[in-house]
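Letters A, B, C and D name the chains as they come in the text, with residue numbers starting at 1 for each one.
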(Lines give C-alpha, C1' and ligand atoms only; values in the text may rest on other atoms or scores of the structure.)
Protein backbone atom coordinates (compact mmCIF):
# COMPACT_ATOMS: atom_id res chain seq x y z
CA UNK A 1 0.00 0.00 0.00
CA UNK A 2 1.25 3.48 -0.87
CA UNK A 3 -1.32 5.42 1.18
CA UNK A 4 -1.69 6.58 4.73
CA UNK A 5 -4.56 8.32 6.45
CA UNK A 6 -4.95 10.21 9.72
CA UNK A 7 -7.95 11.64 11.52
CA UNK A 8 -7.27 14.86 13.44
CA UNK A 9 -9.27 17.33 15.49
CA UNK A 10 -7.94 20.85 14.89
CA UNK A 11 -6.31 22.24 18.08
CA UNK A 12 -6.92 25.78 19.36
CA UNK A 13 -3.25 26.75 18.99
CA UNK A 14 -3.38 26.25 15.20
CA UNK A 15 -6.16 28.79 14.67
CA UNK A 16 -5.36 32.43 13.86
CA UNK A 17 -7.23 35.64 14.55
CA UNK A 18 -9.43 35.08 11.45
CA UNK A 19 -10.75 31.95 13.25
CA UNK A 20 -9.23 29.57 10.70
CA UNK A 21 -6.11 27.38 10.74
CA UNK A 22 -3.12 29.60 9.94
CA UNK A 23 -1.79 28.58 6.52
CA UNK A 24 1.69 27.78 7.82
CA UNK A 25 0.44 25.03 10.15
CA UNK A 26 -0.60 22.75 7.28
CA UNK A 27 3.02 21.62 6.92
CA UNK A 28 2.57 19.90 10.32
CA UNK A 29 -0.55 18.07 9.17
CA UNK A 30 1.27 16.87 6.05
CA UNK A 31 4.22 15.71 8.15
CA UNK A 32 2.08 13.74 10.59
CA UNK A 33 0.58 11.64 7.81
CA UNK A 34 3.87 11.46 5.86
CA UNK A 35 5.50 9.91 8.95
CA UNK A 36 2.66 7.37 9.15
CA UNK A 37 3.21 6.52 5.48
CA UNK A 38 6.97 6.10 5.97
CA UNK A 39 6.33 4.04 9.13
CA UNK A 40 4.36 1.62 6.95
CA UNK A 41 7.56 1.01 4.97
CA UNK A 42 9.53 0.84 8.22
CA UNK A 43 11.44 3.88 6.97
CA UNK A 44 10.60 6.80 9.25
CA UNK A 45 13.16 9.53 10.14
CA UNK A 46 15.04 7.34 12.63
CA UNK A 47 15.41 4.48 10.14
CA UNK A 48 16.49 6.93 7.41
CA UNK A 49 19.17 8.31 9.65
CA UNK A 50 20.43 4.87 10.70
CA UNK A 51 20.61 3.86 7.02
CA UNK A 52 22.99 6.80 6.39
CA UNK A 53 20.60 9.17 4.63
CA UNK A 54 18.61 12.29 5.35
CA UNK A 55 15.57 13.06 3.21
CA UNK A 56 15.08 16.83 3.30
CA UNK A 57 11.94 18.32 1.79
CA UNK A 58 13.09 20.33 -1.26
CA UNK A 59 9.69 21.44 -2.55
CA UNK A 60 6.29 21.98 -0.93
CA UNK A 61 3.07 23.18 -2.55
CA UNK A 62 -0.22 23.82 -0.80
CA UNK A 63 -3.55 24.78 -2.38
CA UNK A 64 -5.97 26.05 0.28
CA UNK A 65 -9.44 25.32 -1.10
CA UNK A 66 -11.66 25.83 1.93
CA UNK A 67 -10.73 27.17 5.37
CA UNK A 68 -10.40 24.80 8.35
CA UNK A 69 -11.85 25.79 11.74
CA UNK A 70 -11.06 25.11 15.42
CA UNK A 71 -12.28 21.69 16.58
CA UNK A 72 -13.12 20.62 13.00
CA UNK A 73 -12.55 16.92 12.43
CA UNK A 74 -10.39 16.41 9.36
CA UNK A 75 -8.98 13.50 7.45
CA UNK A 76 -5.45 13.83 6.04
CA UNK A 77 -4.46 11.44 3.25
CA UNK A 78 -0.94 10.94 1.86
CA UNK A 79 -0.17 9.06 -1.35
CA UNK A 80 3.34 8.16 -2.49
CA UNK A 81 3.38 8.99 -6.22
CA UNK A 82 7.12 8.93 -7.12
CA UNK A 83 9.95 6.91 -5.58
CA UNK A 84 12.53 6.05 -8.28
CA UNK A 85 14.66 9.21 -8.18
CA UNK A 86 12.97 11.21 -5.49
CA UNK A 87 10.04 10.87 -3.11
CA UNK A 88 6.92 12.70 -4.16
CA UNK A 89 3.97 12.56 -1.82
CA UNK A 90 0.57 14.07 -2.54
CA UNK A 91 -1.79 15.16 0.23
CA UNK A 92 -5.50 15.74 0.49
CA UNK A 93 -7.25 17.13 3.55
CA UNK A 94 -10.98 16.42 3.79
CA UNK A 95 -13.68 17.35 6.24
CA UNK A 96 -14.18 14.17 8.23
CA UNK A 97 -17.96 14.01 8.19
CA UNK A 98 -18.76 15.37 4.69
CA UNK A 99 -15.61 14.25 2.80
CA UNK A 100 -15.44 17.72 1.21
CA UNK A 101 -11.92 18.42 -0.05
CA UNK A 102 -10.41 21.28 1.97
CA UNK A 103 -6.75 21.27 0.88
CA UNK A 104 -4.43 19.72 -1.69
CA UNK A 105 -0.68 19.66 -1.54
CA UNK A 106 2.57 17.89 -2.32
CA UNK A 107 6.11 17.52 -1.06
CA UNK A 108 9.27 16.37 -2.83
CA UNK A 109 12.22 14.89 -0.92
CA UNK A 110 15.68 13.92 -2.13
CA UNK A 111 18.02 11.52 -0.39
CA UNK A 112 21.21 13.11 0.95
CA UNK A 113 24.08 10.82 1.92
CA UNK A 114 25.07 11.76 5.48
CA UNK A 115 28.71 10.70 4.99
CA UNK A 116 29.45 12.63 1.80
CA UNK A 117 26.76 15.30 2.37
CA UNK A 118 25.87 14.87 -1.34
CA UNK A 119 22.45 14.54 -2.91
CA UNK A 120 21.61 11.11 -4.39
CA UNK A 121 20.18 11.05 -7.89
CA UNK A 122 18.58 7.67 -7.36
CA UNK A 123 16.63 6.29 -4.44
CA UNK A 124 19.18 4.40 -2.28
CA UNK A 125 18.96 0.59 -2.27
CA UNK A 126 17.99 0.49 1.40
CA UNK A 127 14.72 2.26 0.64
CA UNK A 128 14.14 0.45 -2.69
CA UNK A 129 14.17 -2.80 -0.71
CA UNK A 130 11.68 -1.46 1.81
CA UNK A 131 9.47 -0.34 -1.10
CA UNK A 132 9.75 -3.83 -2.60
CA UNK A 133 11.22 -2.61 -5.89
CA UNK A 134 14.80 -3.90 -5.49
CA UNK B 1 8.15 50.39 -4.66
CA UNK B 2 6.77 46.87 -4.66
CA UNK B 3 9.52 45.25 -2.58
CA UNK B 4 10.26 44.70 1.07
CA UNK B 5 13.29 43.23 2.74
CA UNK B 6 14.01 41.87 6.21
CA UNK B 7 17.20 40.71 7.91
CA UNK B 8 16.73 37.86 10.38
CA UNK B 9 18.96 35.72 12.60
CA UNK B 10 17.60 32.15 12.69
CA UNK B 11 16.30 31.29 16.21
CA UNK B 12 17.07 28.00 17.97
CA UNK B 13 13.39 27.00 18.12
CA UNK B 14 13.13 26.92 14.30
CA UNK B 15 15.87 24.29 13.91
CA UNK B 16 15.01 20.58 13.76
CA UNK B 17 16.96 17.51 14.77
CA UNK B 18 18.84 17.55 11.41
CA UNK B 19 20.31 20.91 12.55
CA UNK B 20 18.52 22.88 9.82
CA UNK B 21 15.41 25.07 9.83
CA UNK B 22 12.38 22.78 9.70
CA UNK B 23 10.69 23.24 6.31
CA UNK B 24 7.35 24.28 7.81
CA UNK B 25 8.80 27.35 9.55
CA UNK B 26 9.55 29.14 6.26
CA UNK B 27 5.90 30.24 6.09
CA UNK B 28 6.66 32.46 9.11
CA UNK B 29 9.63 34.06 7.38
CA UNK B 30 7.51 34.77 4.29
CA UNK B 31 4.77 36.25 6.47
CA UNK B 32 7.15 38.58 8.35
CA UNK B 33 8.33 40.20 5.13
CA UNK B 34 4.86 40.10 3.51
CA UNK B 35 3.55 42.13 6.46
CA UNK B 36 6.36 44.66 5.98
CA UNK B 37 5.44 44.91 2.28
CA UNK B 38 1.75 45.44 3.07
CA UNK B 39 2.69 47.96 5.80
CA UNK B 40 4.41 50.00 3.08
CA UNK B 41 1.03 50.30 1.34
CA UNK B 42 -0.60 51.01 4.70
CA UNK B 43 -2.61 47.82 4.14
CA UNK B 44 -1.53 45.28 6.77
CA UNK B 45 -3.97 42.76 8.34
CA UNK B 46 -5.61 45.32 10.62
CA UNK B 47 -6.25 47.77 7.76
CA UNK B 48 -7.57 44.91 5.56
CA UNK B 49 -10.02 43.92 8.26
CA UNK B 50 -11.18 47.50 8.86
CA UNK B 51 -11.74 47.92 5.10
CA UNK B 52 -14.14 44.94 5.18
CA UNK B 53 -11.93 42.31 3.59
CA UNK B 54 -9.85 39.33 4.60
CA UNK B 55 -7.02 38.18 2.33
CA UNK B 56 -6.49 34.48 2.97
CA UNK B 57 -3.52 32.74 1.42
CA UNK B 58 -4.96 30.29 -1.15
CA UNK B 59 -1.69 28.96 -2.57
CA UNK B 60 1.86 28.66 -1.24
CA UNK B 61 4.91 27.19 -2.96
CA UNK B 62 8.36 26.80 -1.49
CA UNK B 63 11.53 25.58 -3.19
CA UNK B 64 14.21 24.72 -0.63
CA UNK B 65 17.52 25.19 -2.47
CA UNK B 66 20.04 25.16 0.38
CA UNK B 67 19.46 24.39 4.07
CA UNK B 68 19.42 27.21 6.65
CA UNK B 69 21.20 26.75 9.98
CA UNK B 70 20.80 28.00 13.56
CA UNK B 71 22.08 31.56 14.05
CA UNK B 72 22.56 32.04 10.29
CA UNK B 73 21.91 35.61 9.20
CA UNK B 74 19.45 35.65 6.32
CA UNK B 75 17.84 38.24 4.11
CA UNK B 76 14.18 37.72 3.13
CA UNK B 77 12.90 39.63 0.11
CA UNK B 78 9.25 39.94 -0.97
CA UNK B 79 8.16 41.29 -4.36
CA UNK B 80 4.53 42.02 -5.28
CA UNK B 81 4.13 40.61 -8.81
CA UNK B 82 0.32 40.56 -9.32
CA UNK B 83 -2.37 42.80 -7.83
CA UNK B 84 -5.19 43.24 -10.38
CA UNK B 85 -7.28 40.16 -9.56
CA UNK B 86 -5.34 38.60 -6.77
CA UNK B 87 -2.18 39.30 -4.78
CA UNK B 88 0.82 37.30 -5.82
CA UNK B 89 4.00 37.80 -3.84
CA UNK B 90 7.33 36.16 -4.64
CA UNK B 91 9.95 35.51 -1.99
CA UNK B 92 13.68 34.95 -2.02
CA UNK B 93 15.74 34.05 1.02
CA UNK B 94 19.47 34.75 0.78
CA UNK B 95 22.41 34.19 3.06
CA UNK B 96 23.08 37.65 4.47
CA UNK B 97 26.84 37.76 4.00
CA UNK B 98 27.30 35.85 0.72
CA UNK B 99 23.96 36.71 -1.00
CA UNK B 100 23.66 33.02 -2.00
CA UNK B 101 20.04 32.16 -2.76
CA UNK B 102 18.76 29.67 -0.18
CA UNK B 103 15.02 29.53 -0.88
CA UNK B 104 12.43 30.67 -3.42
CA UNK B 105 8.70 30.78 -2.90
CA UNK B 106 5.39 32.44 -3.63
CA UNK B 107 1.99 33.04 -2.09
CA UNK B 108 -1.34 33.92 -3.70
CA UNK B 109 -4.09 35.70 -1.77
CA UNK B 110 -7.66 36.49 -2.77
CA UNK B 111 -9.83 39.15 -1.20
CA UNK B 112 -12.86 37.83 0.66
CA UNK B 113 -15.65 40.27 1.53
CA UNK B 114 -16.27 39.91 5.28
CA UNK B 115 -19.94 40.90 5.00
CA UNK B 116 -20.98 38.48 2.25
CA UNK B 117 -18.22 35.93 2.96
CA UNK B 118 -17.69 35.76 -0.84
CA UNK B 119 -14.47 35.81 -2.78
CA UNK B 120 -13.80 38.96 -4.87
CA UNK B 121 -12.71 38.44 -8.45
CA UNK B 122 -11.10 41.85 -8.63
CA UNK B 123 -8.88 43.67 -6.17
CA UNK B 124 -11.22 45.90 -4.11
CA UNK B 125 -11.03 49.67 -4.72
CA UNK B 126 -9.70 50.34 -1.23
CA UNK B 127 -6.52 48.43 -2.01
CA UNK B 128 -6.30 49.68 -5.62
CA UNK B 129 -6.14 53.21 -4.20
CA UNK B 130 -3.39 52.27 -1.77
CA UNK B 131 -1.49 50.70 -4.65
CA UNK B 132 -1.93 53.89 -6.66
CA UNK B 133 -3.72 52.17 -9.56
CA UNK B 134 -7.25 53.55 -9.01
CA UNK C 1 -14.82 13.23 36.79
CA UNK C 2 -12.26 16.03 36.90
CA UNK C 3 -9.58 14.27 34.82
CA UNK C 4 -8.75 13.88 31.17
CA UNK C 5 -6.08 11.81 29.50
CA UNK C 6 -4.55 11.77 26.02
CA UNK C 7 -2.09 9.46 24.32
CA UNK C 8 0.25 11.15 21.86
CA UNK C 9 3.15 10.12 19.63
CA UNK C 10 5.73 12.93 19.53
CA UNK C 11 5.91 14.48 16.02
CA UNK C 12 9.19 15.27 14.25
CA UNK C 13 8.43 19.00 14.10
CA UNK C 14 8.41 19.26 17.92
CA UNK C 15 11.97 17.98 18.29
CA UNK C 16 14.91 20.41 18.44
CA UNK C 17 18.54 20.04 17.42
CA UNK C 18 19.34 18.33 20.77
CA UNK C 19 16.99 15.52 19.65
CA UNK C 20 14.43 16.24 22.39
CA UNK C 21 11.09 18.04 22.38
CA UNK C 22 11.77 21.78 22.51
CA UNK C 23 10.61 23.05 25.92
CA UNK C 24 8.19 25.59 24.42
CA UNK C 25 6.09 22.92 22.68
CA UNK C 26 4.84 21.45 25.97
CA UNK C 27 2.23 24.23 26.15
CA UNK C 28 0.58 22.55 23.14
CA UNK C 29 0.47 19.17 24.87
CA UNK C 30 -1.10 20.76 27.95
CA UNK C 31 -3.66 22.54 25.77
CA UNK C 32 -4.69 19.39 23.91
CA UNK C 33 -5.60 17.60 27.12
CA UNK C 34 -7.05 20.75 28.75
CA UNK C 35 -9.46 21.02 25.80
CA UNK C 36 -10.46 17.37 26.30
CA UNK C 37 -11.09 18.08 29.98
CA UNK C 38 -13.21 21.14 29.20
CA UNK C 39 -15.06 19.18 26.49
CA UNK C 40 -16.10 16.73 29.21
CA UNK C 41 -17.89 19.61 30.94
CA UNK C 42 -19.27 20.76 27.58
CA UNK C 43 -17.29 23.97 28.14
CA UNK C 44 -14.56 24.14 25.51
CA UNK C 45 -13.39 27.46 23.93
CA UNK C 46 -16.43 27.78 21.65
CA UNK C 47 -18.87 27.25 24.53
CA UNK C 48 -16.90 29.70 26.71
CA UNK C 49 -17.13 32.34 24.04
CA UNK C 50 -20.87 31.77 23.46
CA UNK C 51 -21.47 32.08 27.20
CA UNK C 52 -19.88 35.56 27.11
CA UNK C 53 -16.54 34.76 28.69
CA UNK C 54 -12.93 34.24 27.68
CA UNK C 55 -10.66 32.23 29.94
CA UNK C 56 -7.10 33.41 29.29
CA UNK C 57 -4.20 31.53 30.84
CA UNK C 58 -2.65 33.91 33.41
CA UNK C 59 0.01 31.58 34.82
CA UNK C 60 1.85 28.54 33.48
CA UNK C 61 4.53 26.47 35.20
CA UNK C 62 6.42 23.55 33.71
CA UNK C 63 8.91 21.27 35.43
CA UNK C 64 10.89 19.25 32.85
CA UNK C 65 11.95 16.09 34.67
CA UNK C 66 13.11 13.84 31.82
CA UNK C 67 13.53 14.70 28.13
CA UNK C 68 10.98 13.49 25.57
CA UNK C 69 12.18 12.10 22.22
CA UNK C 70 10.86 11.92 18.64
CA UNK C 71 8.26 9.18 18.17
CA UNK C 72 8.04 8.54 21.92
CA UNK C 73 4.57 7.52 23.03
CA UNK C 74 3.45 9.70 25.90
CA UNK C 75 0.41 9.99 28.11
CA UNK C 76 -0.75 13.48 29.10
CA UNK C 77 -3.04 13.77 32.13
CA UNK C 78 -4.94 16.89 33.21
CA UNK C 79 -6.64 17.27 36.61
CA UNK C 80 -8.90 20.17 37.52
CA UNK C 81 -7.81 21.16 41.05
CA UNK C 82 -9.46 24.58 41.58
CA UNK C 83 -12.68 26.00 40.12
CA UNK C 84 -14.33 28.33 42.65
CA UNK C 85 -12.51 31.57 41.84
CA UNK C 86 -10.25 30.53 39.04
CA UNK C 87 -9.46 27.40 37.04
CA UNK C 88 -6.33 25.60 38.09
CA UNK C 89 -5.36 22.54 36.10
CA UNK C 90 -2.41 20.30 36.89
CA UNK C 91 -0.65 18.25 34.23
CA UNK C 92 1.51 15.17 34.26
CA UNK C 93 3.24 13.72 31.19
CA UNK C 94 4.26 10.08 31.45
CA UNK C 95 6.08 7.69 29.16
CA UNK C 96 3.28 5.55 27.76
CA UNK C 97 4.86 2.13 28.20
CA UNK C 98 6.79 2.57 31.48
CA UNK C 99 4.54 5.17 33.20
CA UNK C 100 7.69 7.10 34.20
CA UNK C 101 6.85 10.72 34.97
CA UNK C 102 8.49 12.99 32.39
CA UNK C 103 6.95 16.38 33.12
CA UNK C 104 4.78 18.17 35.64
CA UNK C 105 3.00 21.46 35.14
CA UNK C 106 0.06 23.69 35.87
CA UNK C 107 -2.01 26.48 34.35
CA UNK C 108 -4.29 29.05 35.97
CA UNK C 109 -7.11 30.71 34.03
CA UNK C 110 -9.42 33.55 35.03
CA UNK C 111 -12.77 34.31 33.47
CA UNK C 112 -12.94 37.61 31.60
CA UNK C 113 -16.38 39.01 30.74
CA UNK C 114 -16.35 39.72 26.99
CA UNK C 115 -18.86 42.56 27.28
CA UNK C 116 -17.17 44.58 30.02
CA UNK C 117 -13.66 43.25 29.29
CA UNK C 118 -13.27 42.86 33.08
CA UNK C 119 -11.85 39.96 35.04
CA UNK C 120 -14.36 37.95 37.13
CA UNK C 121 -13.41 37.20 40.71
CA UNK C 122 -15.75 34.25 40.89
CA UNK C 123 -16.36 31.44 38.44
CA UNK C 124 -19.41 32.53 36.38
CA UNK C 125 -22.70 30.68 37.00
CA UNK C 126 -22.70 29.19 33.50
CA UNK C 127 -19.57 27.19 34.28
CA UNK C 128 -20.59 26.42 37.90
CA UNK C 129 -23.67 24.72 36.48
CA UNK C 130 -21.61 22.70 34.05
CA UNK C 131 -19.34 21.69 36.92
CA UNK C 132 -22.39 20.65 38.93
CA UNK C 133 -21.64 23.03 41.83
CA UNK C 134 -24.45 25.57 41.29
CA UNK D 1 26.62 43.08 32.35
CA UNK D 2 24.10 40.36 33.11
CA UNK D 3 21.20 41.78 31.05
CA UNK D 4 20.00 41.60 27.49
CA UNK D 5 17.16 43.40 25.79
CA UNK D 6 15.30 42.91 22.53
CA UNK D 7 12.65 44.95 20.74
CA UNK D 8 10.08 42.91 18.82
CA UNK D 9 6.96 43.60 16.77
CA UNK D 10 4.41 40.83 17.37
CA UNK D 11 3.87 38.75 14.18
CA UNK D 12 0.43 37.72 12.91
CA UNK D 13 1.21 34.00 13.28
CA UNK D 14 1.63 34.34 17.07
CA UNK D 15 -1.90 35.68 17.60
CA UNK D 16 -4.78 33.34 18.41
CA UNK D 17 -8.50 33.58 17.73
CA UNK D 18 -8.97 35.78 20.83
CA UNK D 19 -6.77 38.37 19.04
CA UNK D 20 -3.95 38.07 21.58
CA UNK D 21 -0.59 36.26 21.52
CA UNK D 22 -1.24 32.59 22.32
CA UNK D 23 0.26 31.86 25.74
CA UNK D 24 2.55 29.10 24.42
CA UNK D 25 4.44 31.46 22.09
CA UNK D 26 6.01 33.42 24.96
CA UNK D 27 8.64 30.67 25.31
CA UNK D 28 9.97 31.84 21.92
CA UNK D 29 10.22 35.46 23.08
CA UNK D 30 12.11 34.36 26.20
CA UNK D 31 14.45 32.23 24.08
CA UNK D 32 15.26 35.05 21.65
CA UNK D 33 16.49 37.31 24.42
CA UNK D 34 18.11 34.44 26.37
CA UNK D 35 20.23 33.69 23.28
CA UNK D 36 21.24 37.37 23.08
CA UNK D 37 22.25 37.24 26.75
CA UNK D 38 24.29 34.07 26.25
CA UNK D 39 25.86 35.56 23.10
CA UNK D 40 27.15 38.40 25.26
CA UNK D 41 29.11 35.82 27.25
CA UNK D 42 30.16 34.15 23.99
CA UNK D 43 28.29 31.07 25.25
CA UNK D 44 25.28 30.51 22.97
CA UNK D 45 23.99 27.00 22.06
CA UNK D 46 26.79 26.30 19.56
CA UNK D 47 29.53 27.24 22.05
CA UNK D 48 27.80 25.18 24.80
CA UNK D 49 27.76 22.15 22.55
CA UNK D 50 31.41 22.58 21.50
CA UNK D 51 32.39 22.86 25.18
CA UNK D 52 30.83 19.42 25.81
CA UNK D 53 27.66 20.50 27.58
CA UNK D 54 23.98 20.90 26.86
CA UNK D 55 21.91 23.26 28.99
CA UNK D 56 18.33 22.02 28.90
CA UNK D 57 15.59 24.16 30.42
CA UNK D 58 14.33 22.22 33.47
CA UNK D 59 11.81 24.75 34.76
CA UNK D 60 9.80 27.57 33.16
CA UNK D 61 7.29 29.91 34.79
CA UNK D 62 5.24 32.56 33.07
CA UNK D 63 2.91 35.11 34.62
CA UNK D 64 0.67 36.71 31.99
CA UNK D 65 -0.22 40.14 33.39
CA UNK D 66 -1.68 41.89 30.34
CA UNK D 67 -2.47 40.47 26.89
CA UNK D 68 -0.21 41.25 23.92
CA UNK D 69 -1.74 42.11 20.53
CA UNK D 70 -0.81 41.72 16.85
CA UNK D 71 1.72 44.33 15.69
CA UNK D 72 2.30 45.55 19.25
CA UNK D 73 5.88 46.70 19.83
CA UNK D 74 7.30 45.00 22.89
CA UNK D 75 10.54 45.04 24.81
CA UNK D 76 11.83 41.73 26.21
CA UNK D 77 14.41 41.91 29.00
CA UNK D 78 16.44 38.98 30.36
CA UNK D 79 18.47 39.12 33.58
CA UNK D 80 20.85 36.39 34.72
CA UNK D 81 20.13 35.97 38.45
CA UNK D 82 21.86 32.65 39.33
CA UNK D 83 24.91 31.00 37.78
CA UNK D 84 26.84 29.09 40.48
CA UNK D 85 24.98 25.78 40.39
CA UNK D 86 22.42 26.37 37.69
CA UNK D 87 21.43 29.16 35.32
CA UNK D 88 18.40 31.13 36.38
CA UNK D 89 17.21 33.84 34.04
CA UNK D 90 14.31 36.21 34.77
CA UNK D 91 12.29 37.83 32.01
CA UNK D 92 10.11 40.91 31.77
CA UNK D 93 8.08 41.85 28.71
CA UNK D 94 7.05 45.50 28.49
CA UNK D 95 5.00 47.51 26.03
CA UNK D 96 7.62 49.39 24.04
CA UNK D 97 6.07 52.84 24.11
CA UNK D 98 4.48 52.93 27.58
CA UNK D 99 6.93 50.63 29.47
CA UNK D 100 3.89 48.91 31.07
CA UNK D 101 4.85 45.44 32.32
CA UNK D 102 2.95 42.82 30.31
CA UNK D 103 4.60 39.56 31.39
CA UNK D 104 7.03 38.17 33.94
CA UNK D 105 8.76 34.82 33.78
CA UNK D 106 11.80 32.72 34.55
CA UNK D 107 13.72 29.72 33.29
CA UNK D 108 16.17 27.41 35.05
CA UNK D 109 18.79 25.43 33.13
CA UNK D 110 21.20 22.77 34.34
CA UNK D 111 24.40 21.74 32.59
CA UNK D 112 24.41 18.19 31.25
CA UNK D 113 27.74 16.63 30.27
CA UNK D 114 27.33 15.33 26.72
CA UNK D 115 29.90 12.56 27.19
CA UNK D 116 28.50 11.01 30.39
CA UNK D 117 24.93 12.24 29.83
CA UNK D 118 24.92 13.25 33.52
CA UNK D 119 23.69 16.43 35.12
CA UNK D 120 26.39 18.72 36.59
CA UNK D 121 25.80 20.03 40.09
CA UNK D 122 28.12 22.97 39.54
CA UNK D 123 28.47 25.33 36.64
CA UNK D 124 31.30 23.91 34.49
CA UNK D 125 34.60 25.79 34.46
CA UNK D 126 34.25 26.71 30.80
CA UNK D 127 31.20 28.84 31.56
CA UNK D 128 32.57 30.15 34.89
CA UNK D 129 35.50 31.58 32.91
CA UNK D 130 33.18 33.23 30.39
CA UNK D 131 31.21 34.70 33.30
CA UNK D 132 34.43 36.00 34.80
CA UNK D 133 33.99 34.13 38.10
CA UNK D 134 36.77 31.51 37.68
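Rule of thumb we're sticking to: contacts are C-beta pairs under 8 Å (C-beta built on N, C-alpha and C of every residue); 3 or more make two chains touch, one makes a residue touch a chain.
Predicted model, so just to flag it, every value in this text is computed and none were measured.
Trainee: So which one's got more C-beta contacts, A-B or B-C?
Mentor: A-B
Trainee: Same or different for subunit A and subunit C, where same means more than half of the interface numbers show up on both copies?
Mentor: same
Trainee: Farthest chain from subunit B, comparing Cα centres?
Mentor: Most distant chain from subunit B: C.
Trainee: Could you please state the distance in Å, as a whole number, between where the Cα atoms of subunit B are centred and where those of subunit C are centred?
Mentor: The separation of the two C-alpha centroids amounts to 33 Å.
Trainee: I'd like to verify one number: the distance from the centre of subunit A to the centre of subunit C, where each centre is the average of its C-alpha atoms, in whole angstrom.
Mentor: Roughly 28 Å, centre to centre.
Trainee: Please work out the Cα centroid separation of subunit A and subunit B, and write it as a whole number of Å.
Mentor: For subunit A versus subunit B, the centre distance works out to 23 Å.
Trainee: Subunit C: which residues touch two or more other chains?
Mentor: In subunit C, 12-13, 17, 24, 27-28, 31, 45, 70 touch at least two other chains.
Trainee: Could you tell me which shape the graph of touching chains takes: line, ring, star, complete or other?
Mentor: Looks like everything touches everything, fully connected.
Trainee: Under the stated contact criterion, what part of subunit C meets subunit B in this complex?
Mentor: Result: residues 12-13, 15-17, 19, 22, 24, 70 of subunit C touch subunit B.
Trainee: Hey, which residues of subunit A end up touching subunit C in the complex?
Mentor: Residues 11-13, 27-28, 31-32, 35, 44-46, 70-71.
Trainee: Give every residue of subunit D touching subunit C within the complex, in rising order.
Mentor: 17-18, 20, 23-25, 27-28, 31, 45, 54, 56-65, 67
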